[in-house]
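In the two complexes that follow, chain A is the common piece, with chain B as its partner first and chain C second.
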Partner chain A sequence: MDFKEKLLDSHLAFEQDVDLLHPIHDYRKKALKRFESDGFPTKSDELWKYTSLASIIQKDYHLSPTSESNIELKDVKKYFLNDIDSFKLVFVDGIFSPFLSKTTHDGMDICVLSAAISKSKYKKTIKKYFNKVVPENESLSSLNTSYTREGAYIFIPKNMEPEDPIQILHFSTGAQKSIWLQPRNLIVMEANSNVQIIERHQSLSDHKVVTNSVTEIYADSNSHVDYYKIQNDLLTSSLIDNTFISQEKDSNVSVHTFSLGGQLTRNNLRFYHKGSNISSTLKGLTILEAKQHVDHNTLVHHAKPNCESHQDYKGIFSDSSVGVFNGRIIVEREAQKTNAFQQNNNILTTDKSKINTKPQLEIFADDVKCSHGCTIGQLDKQALFYLNSRGIPEKEARALLTYGFANNVLESVKIPNLNKRIKKLIAYKLGVNLGFDL
Partner chain B sequence: MIYCIFAYNLDVDIMAYTEEELKKNLETQEYEYGFYTDIDAETFPVGLNEKIIRKISEKKKEPKWMTEWRLESYEAWKEMEEPDWSSLKYEKPNFQNISYYSAPKQKPNLKSLDEVDPELLKTFNKLGISIDEQKRLSGVAMDVVVDSVSVATSFKDTLSEKGIIFCSISDAIKDHPELVRKYIGTVVPQKDNYYAALNSAVFSDGSFCYIPKGVKCPMELSTYFRINQAGTGQFERTLLIADKESYVSYLEGCTAPSRDENQLHAAVVELIALDDAEIKYSTVQNWYPGDKKGRGGVYNFVTKRGICHDRAKISWTQVETGSAVTWKYPSCILKGNDSIGEFYSIAVTNNFQQADTGTKMIHLGKNTKSTIISKGICAGKSQGSYRGLVKISPRADNARNFSQCDSLLMGNNCGAHTYPYIEAQNKTAQIEHEATTSKIGEDQIFYCNQRGIDTEKAIALIVNGFSAEILNKLPMEFAVEAKKLLEISLEGSVG
Partner chain C sequence: MLEINNLHCKIEGRSILKGVNLKVKKGEIHAIMGPNGSGKSTLANVISGHEDYEVTKGNLYYKTNEINELSASERAHDGIFMSFQYPVEIPGLTVTNFIKAAINESRKARGLDEMSSREMLKKIREKSSLLDIDTKFLSRSLNEGFSGGEKKRNEIFQMAMLEPELAVLDETDSGLDIDALKIVANGVMKFSNDDNAVVVITHYQRLLDYIVPDFVHVILDGKVIKSGDKSLAKKIEDKGYDWLKKEKK
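Take a look at the complex of A and B:
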């Protein structure tokens, strides 16, 4: 039995555990039908031209953990941001861990989706927002929708701002030899609200794990969202991250993606504009080695006038790693005075590394400024020599230049602790220890 | 002069226009070359089957291997499906509703122009082409193809002294079968794509050119195409071989009369540049674009590809102003070490025109270089796309590519799109890609105004600058006229 059939068959068992009368169950059923007809994307699908899921979906996965696994705080503490007593939503093998988490209902809701589904006071919000920005034609999102059960639920009302950044952490323990996780996050920001969110997926042993995650973000007028995705998982885990963002007027959403680990990572990041004066920022830093494969597939849909979008993706590829960047900007006829910018720079350091990039513009309005730039090259030999000649060893010199290359993405990280953490991760990845801050 | 074929309204001083007038003029401008010549033409019944292909082959007195080659292509084509991956919207042609052969009836063995059908000569005169004048004045040797059959070939003698072969492909199949057989289908294989397969099966004529080793062709070679007969598809096939250390510059111009139904044009162009050779291939395409309401016009589905051996260079330059639908990607396979590929393009679309054009640069050899400069200008309700591929294979050390795609949009009903594919599999590759889309900035105009240049002139100036990079790549003879044509077309497109 292939994995698609298993997913379809197992849905019956899944249905026994959920409330079939809840309105979102209609979405589940509809999405399952859609997935049944669409199936997994293949390379003949233009959006998946450079990324094959074949190696992932050939295998068999458990769809839910057979037993609850307990993990100690000390096992996972290092994945929390140090010194921050922040709100945390921790999921272990897809199941919420109240013991490791810190939630609140005080003035705002930072809790889990299963609670929001089951309690009637959230019904209105769920009905208004759930699955409203997820496109129907993306089969992996449909698959996630059909298995919607657990994930983060964040609701920030008007004029509110949580004091600390919110961390969403997904751990998989390896209690099963292989597991397929499908978290579903819903984030609703009312007018003038503010939030910073850090999301991380981490496996704790070298078992097979695939995460097919969907995150919906609704940013109402003048709200600010800073979303950071840290992808530094083990080489045995893969991640398909689907993030859909709907922005109202004057809102400002930025998403930073740091892709450092994982076997196969696919980021479907989509911004939909619903009002004017919107600003969207998409930044990514990818540093790969071994046989890693990262695919950034972005879309910014400019539908209203006077909006801005900035995309800046940097990639450094060594060993036999493969990078893919497919950035799409669509500017509708109504979206006059759009300012859309897209930049993708790549460095290949070995003979076997590959990069496929396709920065794409589709423009239907005339009074716009849209540009994209893309480069592929190596570290500047003269710059390296300059550093070498001043007594900086080869490895450190390379690291310095790499930092310089990546700095554009790092400088807009607004959480100082996170910034430091990422720099450390990069230093570790490059095998150097730089004794100063950059 | 040949150039007049794509130059409309040249006698109007563009500077005298206001922006509004220009726009209006552009919108109402009818296709000036939309006349139909009543030449006694021999047309096959519509439809496509094995019999028709055999008949075409027989008509052209082709050797057996050619007939077989056509039939092979036809078998392959039958198995293929029409591609639909482009963002083009058009009514799919009915391939059984096209006549695959239309030749002006000729007296046998033409020796001079006097023997050519006088009606046909009139056509040329209407187009502003006088073959005699051509011979005397410009030194351009022309191979005129009306409805796919080469009618008059000039300057043959001058060329043959140098050993250059420049003739119709039908003659080449008869007179130089060894060359044709060796090279045809080597760059664009029969099964390459749907339209290439169709062309391989039914091509009625086209040009053939061979430049011997070490010869620098002393003049610009030129072929001129025109679709005349209603309900005919134009399937010409061009094969150009530049032997070692040779050089040739080749021009191609196209027009078609205006008709309500869509006409199909599916050509194949193959270029072969052997070691140290250089080919410069320029196209000015001005097929009938359809009327203001988007009726009629030519479907231009063309496969153009060249292969570069060691140290060879192929340079494509194209000015695309016509056709209802353009779907073409002149490409270079940089097989040899140190070979160079270039692509310079301007595509202007207006009314309901759609252009999906670009290039493929396939880097296989070491130290290969490619440059892509593509400019798109869209007005009216038209859609223009750049779609290109730059591929660096694992063995192509030190490959270098520079790509730039700029689009200018005029009005709120058109669209400009960019789909660049970049695939790098070698760490020494150095690739840059840049694309911008905008209208002419108010600050740019203001800058000019402030220096005493009025708005109309400022627009002309900026547009000229926008396109100069490409126009300068055209051979002198073409450049002057093309520049004027584009100035007018471009003028209306921005503002």
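Take a look at the complex of A and C:
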């Protein structure tokens, strides 16, 4: 039996554990049908031309989350942002860990999706938002929808702002030799609200784990969201991140994606504009080695006038690593005075590393400013000599140039502690300890 | 401090230096002059260890050690500094972070602890005021968008911070107006003392009015063809290089 069949068959068992009468179950059933007919994407699909899932879906995975594994705070503490965090949603092998988490219902809801599904007071919100921004034709999202059960639920009412960033952390313990996880996050921001969110997936042992996650974000008028994705998992882990953002007028949403680890990572990041005067920011920093593969597949759908979007993706590829950037911008006829900017810069440090970069602009309006550009190059030799001649050895000089190259993605990280963390991760990744904190 | 014997060097298969001899002692300032393409910058690059320059013959001694096999960073740790004719722009790396990395890498190589932030800051303040550098400039990306004068001042600032024993200044005067030239030259003269040596590479005598050399050497076609005191520079200013070419023949 191949893995697709297993997913279809196992759904019966999944249904025994969920409320079949809840309205979202209709979505599950429809999505399963859709996945059954679409199947996993293949390289003949234009959006998957440079990324093959074959290596990960040929294996068998444990599907249903197992009872909470025994992990202690000390095992995972280093992945938390601060010693004392305000809000944290921690999942272990797909199961929510109340012990490691910090939720709230005080003035806002920062809790789990299963609770929001089961409690009647959330019914209205769930009905209004669930699965409304997820396109039907993305089969991995359909697969996630069909198995929707658990994930983060964040509801920030009008004019509210959590005092600290919210962390969504997924740990995988290796209790199962191979596991397929499908978290589902729903984030609803009412007018004038603000939030910062950090998401991370982390394996605690070198077992096979594939995460196929879906995050829906609804940003109402004049709300502000800064979302940070830290992808620094072990080489045995793969991640398919599907993030869909619906923005109303005057809202401002930024997503930073730091892809440093993992075996195969695919980021499907989609922005949909529903009002005017919107700002969308997509920034990515990818530093890969070994045989790592990261695919950034973005879409910004400009549908209304006077909106802007900024995409800035940087990649540094060593060994036999492979990067893909496919950035799509659609500007509808109505979206006059759009300002859409896209940039993808890459450094290949070896002959075997590879980058496939493809900007895609579809513009139907006539009064717009759209720019795109991509570069592929190597670290500047003369710059290396300049640093060497000042006493900075080869490895450190390469690290400094890499850091300089990546810096404009780093400098827009607004959480100081996170900024420091990421710089440390980069220094660690580049194997250097410099005379200043990167 | 520096002794160069019969140095021959190639870049991309092309012979540039064809038997250079030069001796520089502690406390001395040497000027190297010569027309375009004579090999002046090549000499600076070879001394500081640029990998593209292949030494095919001859020796390079620094503090009595043969340094031919040392990397550029190892030479820097040992006290060699080159001020670049065209300082490289490095976006995203601030002047301050660059200086910190450079100083601490050298200290690490010498088995010293990192310089404390306080000490570093004090030194930065002291040296930047010496060169009339606005401290705002230190948080800018290295050389990015700097004017010609700012780039050169930044080079001399780095020299002042790193306190090398041998400083090779490659056309530090090019692109400078007279005021900037005076500031830069003043920085060099303040740096120069009995324990270090300076080699100034220049086209023009003008710089040597402010950085007064003990010796002047003329390079022509990959060889030092004439050495003398500062009056040699004056003579070149008046008569050009042609008389030397004829004399050589």
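Quick notes on this one:
Convention: the second predicted complex is superposed on the first by the 431 of 438 C-alpha atoms of A that agree within 3 Å, B and C clash if a C-alpha of one lies under 4 Å from a C-alpha of the other, contacts with A are read in each partner's own complex, and residues count from 1 in each chain.
Note that in this section a contact is a pair of C-beta atoms (placed from the backbone, for glycine too) under 8 Å apart; a residue touches a chain by one contact, two chains touch by 3 or more.
Because the structure is predicted, anything quoted here is derived from the model rather than measured.
In the superposed pair of complexes, A:319 makes contact with neither chain B nor chain C. When chain B and chain C are set side by side, the one touching more residues of chain A is B. Applying the stated contact rule after C-alpha superposition, one finds that A:408 touches chain C and leaves chain B untouched. By the touch criterion defined above, A:15 lies against neither chain B nor chain C after alignment on the C-alpha atoms of chain A.
Using the contact criterion defined above for the overlaid structures, shared-chain residue A:38 touches neither chain B nor chain C, since it reaches no partner. By the touch criterion stated above, A:365 is placed in contact with chain B alone, chain C being left untouched.
By the touch criterion stated above, A:388 is placed in contact with chain C alone, chain B being left untouched. By the document's definition of touching, of the two partners only chain B reaches A:356; chain C does not. Across the two superposed structures, the residue set of chain A contacted by chain B and also by chain C is empty. Against chain C, the residues of chain A that register as touching in their complex are 380, 382-383, 385-394, 396-397, 400-401, 403-408, 434-436.
Residues 46, 50, 333, 336, 346, 348-378 of chain A are the ones that touch chain B when the two sit in their complex. Residue ranges of chain B in contact with chain A, taken from their complex: 85, 87, 394, 407, 409-439.
Across the interface of their complex, chain A is touched by residues 48-51, 71-73, 75-77, 81-82, 84, 87-88, 90-93, 97-98, 100-109, 114-115, 141-142, 158, 162 of chain C.
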